[in-house]
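A quick write-up on the structure given underneath.
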């Protein structure tokens, strides 16, 4: 059943992506200043959003785990962090390629870039730590604590954006600016593509969570065999 | 369509999907490994006496 | 109130132990001096040192801090001292805070040694804004210490403990280090603070308060099985 949901989600994402790509290349006009490359925005920003949302979803699952001690919550938190990390890396790499063209450099220590990178490092540490702990209860407990610390830190890290002079383009989406910065047709495709990427992420999380459950099953069977022998 | 910066846009899209694909491959390989492990462990669990020496 | 009293008790115990063995302070102090000497090869002793001095110092503090934090809880592992401490009436929150206090004092001592040596080696007069500088050092050091204590506790039973701690705490310390470096740079180059710079002080305070509260809240989760 869970597999079918994952496949269904992935299929929906694929269909939506195909439609979005068609719209992006065949329907939407080019941006006045940047030429074709502005289209990277349709992947760059949704990837960042999906990553960000993911970290806070993981925070929710971590808190849930601490109150319920249900391992499914821990598996979900770990899976969501891992998938979010993938999309954060997509965000950094696509941003870097865009910056090479528009700014003429691959990387700059602008606040928003820095905080995105720091965010990746924090949750990379989370995954590294999970691998270092064998005992499932201890792993779940300590990872949940680390996830809470990480998410609180991310908020503080991002707060510093306003305090540094920033080179990154300012907000263009309506919910940040109150409307009018982005062409409605572009915004429409943007949100559709956000949905598509979100669906891809959900499908990946479902697959990953299933693997975590399998790993736990293997673990408990091993123990069973151990005590039986 | 405006051809300016088209190559870099292509690189950007390629990079984005390459990373996701790479992750999918990692996931698939991990899934296959887990499945194999699960089968092996299930076998051991159902006949513990035959495998007692293996552990 | 009881938590604070217990925390002070733990801190006193750790500091007494440290005074007797001096293992953390010797290691951290020696490390700091070596790094400062190495920096002298990397950078010319000119005006530019005032610009980067803040960064250098805080990197030294963060790196040397990791040496202290690694010992902080690991010191309790032999003879099952940690389990005994947890079984005692002390709350985990007071244990973490006490460890953080001990870390704080040790790190400050190490910082004092470092900045004196820094002043001599690089010919920087750091005493002109000593009041503000002490405030920045105290705020920054407390933030590093509390995170060091929390993650010292979190990693104490892990394999690769010494590796895991820096991987986890350095990214978390980024906002604190940015603020501390900015302020130290300012004070070393003898400029006065503008309202804009108070933001960095505020950031330090917020960081300290938030993570101290979080540490006390999660101490149970981290330490008790």
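Here the chain labels run A, B and C in written order, and each chain numbers its own residues starting at 1.
Just so it is clear, contacts are C-beta pairs under 8 Å (C-beta built on N, C-alpha and C of every residue); 3 or more make two chains touch, one makes a residue touch a chain.
The shown structure was predicted, so the numbers you read here are calculated from the model rather than taken from an experiment.
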Chain ID, smallest distance between chain and overall C-alpha centroids: A
Chain separated most widely from chain B, comparing mean CA positions: C
Centre-of-Cα separation between chain C and chain A, whole angstrom: 32
Distance between the centres, which are taken as Cα means, of chain C and chain B, whole angstrom: 40
Chain A and chain B, separation of their C-alpha mean positions in angstrom: 18
Partner chain A, residues of chain C touching it in the complex: 147, 150, 154-155, 157-160, 164, 167-168, 170-172, 174-175, 178, 199-200, 203, 206-207, 210-211, 214, 218, 221-222, 225
Contact set on chain A toward chain B in their complex: 25, 30, 34-37, 39-40, 43-44, 47, 83, 86, 89-90, 93-94, 97-98, 100-101, 200, 204, 207-208, 211, 214-215, 217-218, 221-222, 224-226, 228-229
Of chain A, residues touching chain C in the complex: 66, 114, 118, 121-122, 125, 128-129, 132-133, 137-138, 141-142, 144-146, 148-150, 152-153, 156-157, 159-160, 163
Chain B to chain A touching residues, read off their complex: 1-6, 8-9, 11-13, 15-16, 19-20, 23-24, 27, 30-31, 34-35, 37-38, 41-42, 44-45, 48-49, 51-52, 55
